[in-house]
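One chain, chain A, links the two complexes that follow: it is found with chain B in the first and with chain C in the second.
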Partner chain A sequence: MDKRVLYSGAGAVALLCVATAAMTAGYGTNLVCWIAIAVLTAASLRFVMLIGELNFATAAFVGLGAYGAGVATTVMDWPFLLCLLFGGMVAVVVGLVFGYVTLRTKGPYFLLIGFAFTEVVRLIYTKVHWLGGNSGMVGIFPPRYLDAWLPTFVVAVVGVLLLALYAIEKSHFGKTCIAIRDNDAVVQSVGINVHMTKVACLCVAAFAAGIAGGLSAYVNNVISPGDFGFLLSTFALAYLKVGGEDNPLGPVAGAVLLVLLASVAMGMGAGEHVFYGMAIVLSVLLMPKGITGLIQRGWEMRRKRSAA
Partner chain B sequence: MQTLLQLILTGLQIGSVYMLFSLGLTLIFGVMKIVNFAHGQFFTLSAMLVAVLVPWLLMQGLPLSAAFGLAVLGGIAASVVLGMLLYQFAFRFFQRDLAGSFILSVGLVLLFEGAFLHYFGGAVRSVPPIIDGTVSIFGTAVTLQRLILCLVAFGFTFALYWVLTRTRLGKAMRAVAIDHEAAMLQGIPYKRIAFHAFAMATFLGAVAGAIMAPISTVTPTVGADYLVKGFIAVIIGGLGSVPGAIVGSLFIAFIESFGGYYVDPSSANMAIFVLVMLILLLRPKGLMGNG
Partner chain C sequence: MTGRTDPILRTDKIGRRYGGLVAVADLDMEIRPGEILGLIGPNGAGKSTTFNLISGFVKPSQGRLFMDGVDVTGEAPHRMCRRGMVRTFQHGSLMPSMTVRENILIGAIGALRGKVRSQRAARAEHAAHALGLTHCLDEISGNLPHGLQRLVSIAIAYAAQPRILCLDEPLTGLNQTELANVLDVLRHIRDESGCAILLVEHNMKAVMQICERIIVLHHGQMLASGAPLDIRTNEQVIAAYLGKRHAQ
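Here is the complex of A and B:
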């Protein structure tokens, strides 16, 4: 069962890669990249939900990944893949320290600290001279040979990471995380180090967020502190909420739908804030389990009817 | 000495607004166990209405004090009505649901921020000074207006304290905050208490906005800055704790006023964050939180 999902997932990612390779460059390919990055960000947010915490520092980790990749590219002139990985690792290292300190708290405290952390990291970017200050960094280009294949590359990386996150979720480690969400005292009582498990979970999510940030730096070529405020976490939350957080496909469904709809809505002159705000409020009030939850319920009802 | 006194007074002035703001947050959390990000929107709406209505009422030929009084009443009333509507049609369904209520409130923040930008424009507004003159406290000059608004804020804080400790409603709120099921067994109508607490919290947020408008500038996104500070104050003090919110707010305000003078404002903001991390490391539930 587990293997079959992985194989079919890999097949779907391969198909998507072929489809993006056939696309001609333009607004469409950019949109594909943005959707893929949004999916990965939302998946990172969802991964921390396995331990039952809402990680609003996701935006900070995306930003660290973007700045890490940006510095490695423009200042240190490292090879492309190493830069991307470096961005992810920066996010992991900061996530390790941040998680070690803050994961002693839980629930509202962790949520609010993540929120404050995002704002402070953003402030630090504006203060640091060699990070470009308020205006940010420019000229983060992917290598020449990837120019035409960037959307394919982005989709492939995101796809592989999603499958990896899924595999981790279904592994022993993932099950420990879910057990912590349900009752951390029980997990502690069988001798598992709850605190370090939580920190590890956060680090995995931080890596995914960091890679998402690095990819976004290469896709947009420009990064600035304003891109990585808490609004980014809020948007990721909107994708997750509309898609449904119980299903690993939730972030995918939500991000695809909302980014597409938002690009249509913006074309008609509506404000981005109002659109995402509406999407969150309506989906929370009308379909608490998101789109994937609705589909699942519809499916189960049909099966019940055919059985009766 | 002169500078020290000046900085202390500035700290108290900023702190008084933070205090009213974070008291609303902590009250809602205590009674309903929800994290309400939309609290900043009540603050913004009331501040914005004051900033818009005062010049408009002056144009209608009203004297300054009447114009200000009417604008403040209008701003607070509009915020409280908005708060009641949001409770009735949204937050009511998410009591004691931390993630759900938080997500809902974040959606509302985006929605209202977009709406405020649309209706009020992005311009920075300010309110003309209402009360002229300065007073001298131990040789330090303070504008009378700031002093009076600061005193009003402290007055409301004491009023809340009195309500919570001396009245039936306040005692019921505290009982609900400690254990809502036990409170219901004692015959305390939880839903009505929650509604009162939410309305009271929006009222406090709206008063904070109306007080802030004349002493600072008003933009449609001003609530977000206060929201970050307000939540940090509440985390430092402990979620749900009223004295904690007061201590946390003053703590932040003093760091801001001293740090802003001796170093620079954004370093002061970072220092606040580092201190919060340290406090959480030592006391994961805040200085005065217990549950």
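Here is the complex of A and C:
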């Protein structure tokens, strides 16, 4: 692992935290929180792509994290950090069972199972009264001492988790995941338990998604089943495709651009979805490797030109 | 080299059916430490199925498989590898998007679970050195010429510290220089580590040159077993597979 990248990343996160802390509370700080949560959701989706799978259950894990944190806050009245962690752990435990059962399938089969799982979990929320049913849960507030600092806290947590995901990706475990994506038979033939490695990868991603869910619950103070349908996974995929899935910074670039575009498009009334959809189609057509791929290509061309 | 110790692997009437098709039937074979054993036969004879059976990729529909005297029938491939049974594949035996170094490291990660990164890296380095791949460690393996890709696939398996190294047609598509190099490398690996090598190969000249014992399969059953000279002069083997040219 390149420690310089990790230190630079930590520096960038610290700078972003300072910048967020300097912002006046309002729509701008809310937008920062939504962007940060979108980044973490997309990063979770990308992490499972290391093993070559498209995890449409990401939305379900975000929801489990949100409902976990919500229940821990409103019903059990636990301390804030414990509630957030509890949301992440609920997602991990469900991810463990879900992954153990379903990760023997691959490709479109796993994608469809993830899609169905997300919808089933969403329907369960609507049927359980103590989870608020169709109306969802209300009153999920962060502690008072975080009132002014919540956006900074969200950026810090997302930043730390992104760096952790990067470190895991560059570890031997991460290399094993990528090797599974490339050729799982060879990985199995050298003594690595491919199935359990995939399950572990999904659990790491589920934790990140769960924390993203917990943060969204505290930022919005209210959650409802409709927030965690398959569209959430679709948006995360769009962030990734636009940002560039090959680069760990892809989720950041994609989420920043698309969430900002979405906030601009909100003022367009009925044209909002058309504008947003067109932006995604154009991005994917014009930048097949995403924003990060485009930057990387430009950088390489410049280097070649200067070398010539 | 043969007959000096107990076999590492032994099959007892192992077989595999696919519906009405018998791929392998009643196969009794053993692999002893340090030997280079050839597995030959015409296409469809059951060589690949035998490979898959003994490496755990296919579960037998009859018979038992023993390693070090322990019944390991039906064990998963990664567990078979942990017992020392490591294999390569005829096609796609590497991770094409990763560098040569990362490819070989995967083998070392498999072998040295729970060990520190530096030990795994050292093991990978050692395997790369043994296979003569130190000059291309940072190349993307999918971009390498065919001959080097074959060496990388053997290096991945060797990094996994095999006691039995099963190679599925490692010489296919190699030119004479590359072929001679791979044969030298295989002898070096055997001499250095003492592992047994099981070779499935259609290049009869190479098989006769390197193997100390050969098993011939035909229609899923063992047709003959013995030293290369015995196999080359066996009338049944000549009729079923070798033809007159290789017999001379």
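Observations
Convention: the second predicted complex is superposed on the first by the 298 of 308 C-alpha atoms of A that agree within 3 Å, B and C clash if a C-alpha of one lies under 4 Å from a C-alpha of the other, contacts with A are read in each partner's own complex, and residues count from 1 in each chain.
Here, a residue touches a chain if its C-beta (ideal position, glycine included) is under 8 Å from a C-beta of that chain, and two chains touch if they have at least 3 such contacts.
Small disclaimer: the values here were computed from a predicted structure and weren't measured.
In the superposition on chain A, A:179 makes contact with chain C only, while chain B stays out of contact range. Once the two complexes are overlaid on the shared chain, A:117 sits against chain B while remaining clear of chain C. Annotation for chain A, partner touching more residues between chain B and chain C: B. Applying the stated contact rule after C-alpha superposition, one finds that A:191 touches chain C and leaves chain B untouched. Common to the chain B and chain C contact sets on chain A is no residue at all. The touching residues of chain C, counted against chain A in their complex, run 55, 57, 76-78, 81-82, 86-89, 92-98, 102-103, 105-107, 109-111, 113, 117, 120, 153, 156-157, 159-160. Interface residues of chain B facing chain A in the complex, by the touch rule stated above, are 29, 35, 90, 93, 98-100, 102-104, 106-115, 117-118, 228, 231-232, 234-235, 239, 266-267, 269-270, 273, 276-277, 280-281, 284-286.
Every residue of chain A that touches chain C in the complex is listed here, in rising order: 172, 175-176, 178-179, 182-183, 185-194.
The part of chain A that touches chain B in the complex is made up of residues 54, 101-102, 104-105, 107-109, 111-113, 115-117, 119-120, 123-124, 126-127, 231, 234, 237-238, 241, 271-281, 284-285, 288.
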